[in-house]
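Per-chain numbering from 1; labels A, B, C and D assigned in written order.
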Amino acid sequence: MIAGVIGAAGYAGAELVRLLSGHKRVKALSLGSVSLEGGRIEGIYPNFLEKVSSPLVKPEEVIAASDVIFAALPHGVGEAYAKACLEKGVHFIDLSADFRFDDDEETFKAWYGKPYVHPELRKRSVYGLPELNRERIKSLAASGPAIIGNPGCYPTGASLGMLPALAKALAAEGTVIVDSASGVTGGGREPQRSFHFPECSDSVSPYKVGAHRHVPEISRNMREMAARYSGTAPSLVFTPHLAPMNRGILSTVYIPLKKEWQAAPGGSVSAPRPPSKEIEERAGEIRSLYAAFFKDEPFVRVLPPGVMASTGRVRQSNFCDISVNMDQGGSTLVVATAIDNMVKGAAGQAVQNMNILLGFDESEGLEAVPALF
Amino acid sequence: MIAGVIGAAGYAGAELVRLLSGHKRVKALSLGSVSLEGGRIEGIYPNFLEKVSSPLVKPEEVIAASDVIFAALPHGVGEAYAKACLEKGVHFIDLSADFRFDDDEETFKAWYGKPYVHPELRKRSVYGLPELNRERIKSLAASGPAIIGNPGCYPTGASLGMLPALAKALAAEGTVIVDSASGVTGGGREPQRSFHFPECSDSVSPYKVGAHRHVPEISRNMREMAARYSGTAPSLVFTPHLAPMNRGILSTVYIPLKKEWQAAPGGSVSAPRPPSKEIEERAGEIRSLYAAFFKDEPFVRVLPPGVMASTGRVRQSNFCDISVNMDQGGSTLVVATAIDNMVKGAAGQAVQNMNILLGFDESEGLEAVPALF
Amino acid sequence: MIAGVIGAAGYAGAELVRLLSGHKRVKALSLGSVSLEGGRIEGIYPNFLEKVSSPLVKPEEVIAASDVIFAALPHGVGEAYAKACLEKGVHFIDLSADFRFDDDEETFKAWYGKPYVHPELRKRSVYGLPELNRERIKSLAASGPAIIGNPGCYPTGASLGMLPALAKALAAEGTVIVDSASGVTGGGREPQRSFHFPECSDSVSPYKVGAHRHVPEISRNMREMAARYSGTAPSLVFTPHLAPMNRGILSTVYIPLKKEWQAAPGGSVSAPRPPSKEIEERAGEIRSLYAAFFKDEPFVRVLPPGVMASTGRVRQSNFCDISVNMDQGGSTLVVATAIDNMVKGAAGQAVQNMNILLGFDESEGLEAVPALF
Amino acid sequence: MIAGVIGAAGYAGAELVRLLSGHKRVKALSLGSVSLEGGRIEGIYPNFLEKVSSPLVKPEEVIAASDVIFAALPHGVGEAYAKACLEKGVHFIDLSADFRFDDDEETFKAWYGKPYVHPELRKRSVYGLPELNRERIKSLAASGPAIIGNPGCYPTGASLGMLPALAKALAAEGTVIVDSASGVTGGGREPQRSFHFPECSDSVSPYKVGAHRHVPEISRNMREMAARYSGTAPSLVFTPHLAPMNRGILSTVYIPLKKEWQAAPGGSVSAPRPPSKEIEERAGEIRSLYAAFFKDEPFVRVLPPGVMASTGRVRQSNFCDISVNMDQGGSTLVVATAIDNMVKGAAGQAVQNMNILLGFDESEGLEAVPALF
């Protein structure tokens, strides 16, 4: 099988190349770039020398040559390629936001400033968070060529951190707060002042407070998760931060608990005490519930008590690590999730979606043990 | 005037040495260390060579020689020195937690596992957050030798981020969430696996979730701030994270707003939209309120719209930078504060307290322009 | 086949576990630790959760259970295990220095401060730099169980940077200078002040100038390479530096050229000019010579003109990247080599040696494309 | 006195602003920018908020307003400003390379690709390395307005590392190798791919091998130093590297010693041994000679035995730290120097030059104790 990557010269595209080059079912790659057409992937990324050697061709040539297409393009430019793929009869896995909102064009327009070019394509598209939509992906693929709206990086970690809580109706009404820190690769390959080493190194800072485009995506997932399990979705506050590291997103998710899931506090509001035994036990109970919920998921690890999610421990892997704890007041669930933003947050999840679409082993090409450092 | 530092060989102690060596009113330093007595400060920290040269002597000698004493010691070991200072008639500025809880020994005991050694010392102690307690510090000093309970690093940034909101009664009942990321110097000078470069570099991770000793300190400050201005304090959820940088704490503080301070949302819960004009205006109003509140504070900068608090911009300085924004839902105030954990979060604030106690210009020794990088 | 790792809890040991767990010919692992016996590898390194699960047993049990043994132990403690392996009839791949000096016990003693415990073992040992000794390794393995003295991290990059120059007699008499910078994982897993994040982050510093234990190893390799090709070895000056990164060693190797290999300078000593056309051409010639020399080597990449060796481009891989240039004076060859110190500089090279010993494909288990970041 | 800075919006310019804002003799600043004219310095660098507030005006206005002018501009554009300053009768301190080569226009042209615009200005210019040219600077200033060619960052550390060896005729004929690693601020404020965080973080790499523009500057300094003390200059090989840190340059300088300065080797070439007692003693002798040479220099610290030069220990300061050692062979002096590239390597040295020109205390404005981290 030949896998095609359009936008192969960007960071997500190049990470796709790295992962697909080790995928046993992928016999060859066809790589495309709009802006660097005519170059070679190993010229742009010399780490590929002697491992991957390929010209960068026009997107049309990639589509013509390939049995499945990945697109790692800016938002709003890939719909024509999706259309071409459907017409050719091959799956299209899109890493942009174009297919993440299904038929909710209004929300897409409000946040991305563009209308859908071919709205009808959403009849053949599905949001590609396998832990939420695996069956939908499979059944869509069963009926013909499909489009995957591959999730955003922040929404992946944030949604997985909430899924069991919403599915099992632990969450009270109110507000879930997602506070995330991302590595700098999240900003892509193009040099910008914010990502200039002296400006971002040795510093942490929030950005786009209340205004990040992943707000509507996480929020939609929350409603979807709640609805799936007949609950109501809390509202969302989301703040991304830039952290001085290459890869990884750490999301700390604060979920207000329903009365029946709360535990006796460690002290009172006016005199908080360290977590009580009741809190430790309740946290353990919820941790077990999370572990049970994800027990068949190949890429979610609910961590044992005392081990905190850490981006350094999922490096280069498709894992989402989840640690489950409670605050000392006994009323808020504090879930931390760690992903590699380039793998589970982008290219790895796209490969996982390809595996599902094509009926491969879901872990094929994604078996890497997280690097120690 | 001679300033004494007990515990000068630790990171906070050495930072005190650095700051005090440039303080115009300090003519000489007397440096003490329990564990490294007999050594020299420039032997332990060669960055001091040709700038500061001093033996490390016994704490008793430091007290005998000095006109004001700083103690940067582990919790629970400095009370005897505080007592000796009061008896000698000199101020004692304590960077440990021993004097942060006033007469609430129960809370101290619950979190630090030790009783007060000399409970009566709290009659002469005050919590040294100048922005909250400047007048108390002055009036205590006016009546004789005083003890300062210098604030913890996280509580400094967290409390300053909430102070105007609680003082002006913006905050609804409910829960304030403080999500903080600290540089590794916060862990002190002793090598530990968590702070071993390969373990913490290029990674972000939470720790002590719901169980950090700064929970009761921040919570106490919240109640104090609310009470001072006749309000009620929200409850607190606090999560610290370790970030791969040397200095700095970035705290993102989520404050639920009272109805009258909320703004029309950017969309609804089920269809969030980018921040509305109303939200931008309300955020601007609250930002102005913060700026007005802190306008006479020498070390608090409320940042203009569009500039986010960033630890990299307060490096080596005593500033606390504050950025004020709202979430897209219009109901949560999202305040970010940045401090240098070693300066405003420890040694700089201690010097600020000395300046207040001794009637010096409050900025003396703390005029450093934040380093660009 | 079962592979055993003694010293699995250290960094090199854990990296062996990571690599071996993806090796197709390795059916199971047996992991041993002297100091952490009774623990589990995934307890110590939670990145292994759901990927590698194994108790840490006594070294004797590892030897009993395994078909090949790796030892990642401190210097001077593994000889008994080597002996036991020979007696059992299995290969022993030693990552310490114990078997790097063949029968030159005097040199080992002078630098490591210990005599050989079982000197006779050197009859069955070989220095495991495949690019130099592949045939010797094979022939030793052909005659029975063998011991590999797996090269040190610095000697690997330094020696590969010189090998063609010495083999092809480019080097003049005189002094070769090797100036290297290593990532902090080179210091191992045990916390030490030098590797404490605040002490080594954001800083570069030399250490053990003129006194590093890799001096005699590099020097021995130089003599060996020269002798192999009937030349004389230059003398060696070697300075290691610590750089603020996790993985990687960049070695810049300065080789004085014989007259016939020198090129017309870019200007004179007293008025140097940018590299002349002659220098560019001569550098190109020598680069081609290097490329030809290594053309069948699976893990050496001689980089094209304009691409400099960079540790970031060999991350997580077994490659040694080599860039070849000349100084503006036309008389010094400036070769830079980049390796991942944990892979080609330790565990990866050990696996490569195993593959050679056992007649596997030399790249098996080592196919990883270098990570982009 | 009013100090003017042209090019204040670049990194070196902004560092000048930071240093000058704390200089007691500087009553006001006038800041200029060609490309950002009309902006404000605290808008571009919010770390300046509430400390430095100034518009960025045209260079001509800066010159008109100021009593001394600093220019931190690209090479080849500042000569007209220098001329205007001489005409106005004020000193001009130039951080570009335009005035570093005195009347050797040929060398400047060969490396910078441009002729001198006003060659005659070199009659009033001097190379501003105070440790070499202090008296020349003073005597030039005594005769009227002067131009300072402020040294490059690498040449500062490299030259100071060699000065005593050349002055005292320790160096043999042959080649001095300077191997340097610089922090990323050395690349300036404009975003470029090489300085994009994901490309340079966690990696070390050489660049411009044999071709860096600082080659002729270091080489000229070597000849000057040798000539000054009637010696002959060795030739130079210089390789710069990029290291993942913000500030600092570590230069390791390899100086071949004359026979009479060599020491009995630690072993032979073919069997090197750890440094012999003779080597330790000789290194100590040369270290003392370095210390004596620099004993009146306010900004050079020759480190005690066992302490290595480290960029982390000169951070934010104008110090050049020097450690002196020998190789195990007894024939090469290995000197390491550490500077903060933005201070002693640029803005701090420029302020030092201003102090000399204007007869101020040479340390005024440069008293900062190096930051601990």
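Here is the rule we go by: a contact is a pair of C-beta atoms (placed from the backbone, for glycine too) under 8 Å apart; a residue touches a chain by one contact, two chains touch by 3 or more.
The model shown is predicted, which means the values in this text are computed figures rather than measured ones.
Any chain bridging chain A and chain D, meaning touching each of them, is among B, C; the list is complete. For chain pairs B-D and C-D, the one joined by more C-beta pairs in contact is C-D.
Averaging Cα atoms per chain gives one point for each, and the point farthest from that of chain A is the centre of D.
Rounded to whole angstrom, the centroid-to-centroid distance between chain B and chain C, based on C-alpha atoms, equals 47 Å.
Chain centres here are Cα means. That of chain C falls 36 Å from that of chain D. For chain C, the set of residues that touch two or more other chains comprises 11, 183, 185, 198, 200-202, 244-247, 312-313, 315, 372-373. Interface of chain D with chain A (complex): residues 11, 183-185, 189, 191-193, 195-198, 200-202, 244-246. The part of chain C that touches chain D in the complex is made up of residues 104, 106-107, 110-111, 174-175, 177, 179, 181, 183, 198-207, 209-211, 215-216, 219, 223, 233, 235-239, 241, 243-248, 250, 252, 254, 256, 266-267, 269-275, 279, 308-313, 315, 323, 325-329, 331-332, 334, 336, 338, 372-373.
Partner chain D is touched in their complex by these residues of chain B: 11, 14-15, 18, 21-22, 45-52, 185, 201-202, 246-247, 301, 303, 307, 312-317, 319, 342, 367-373.
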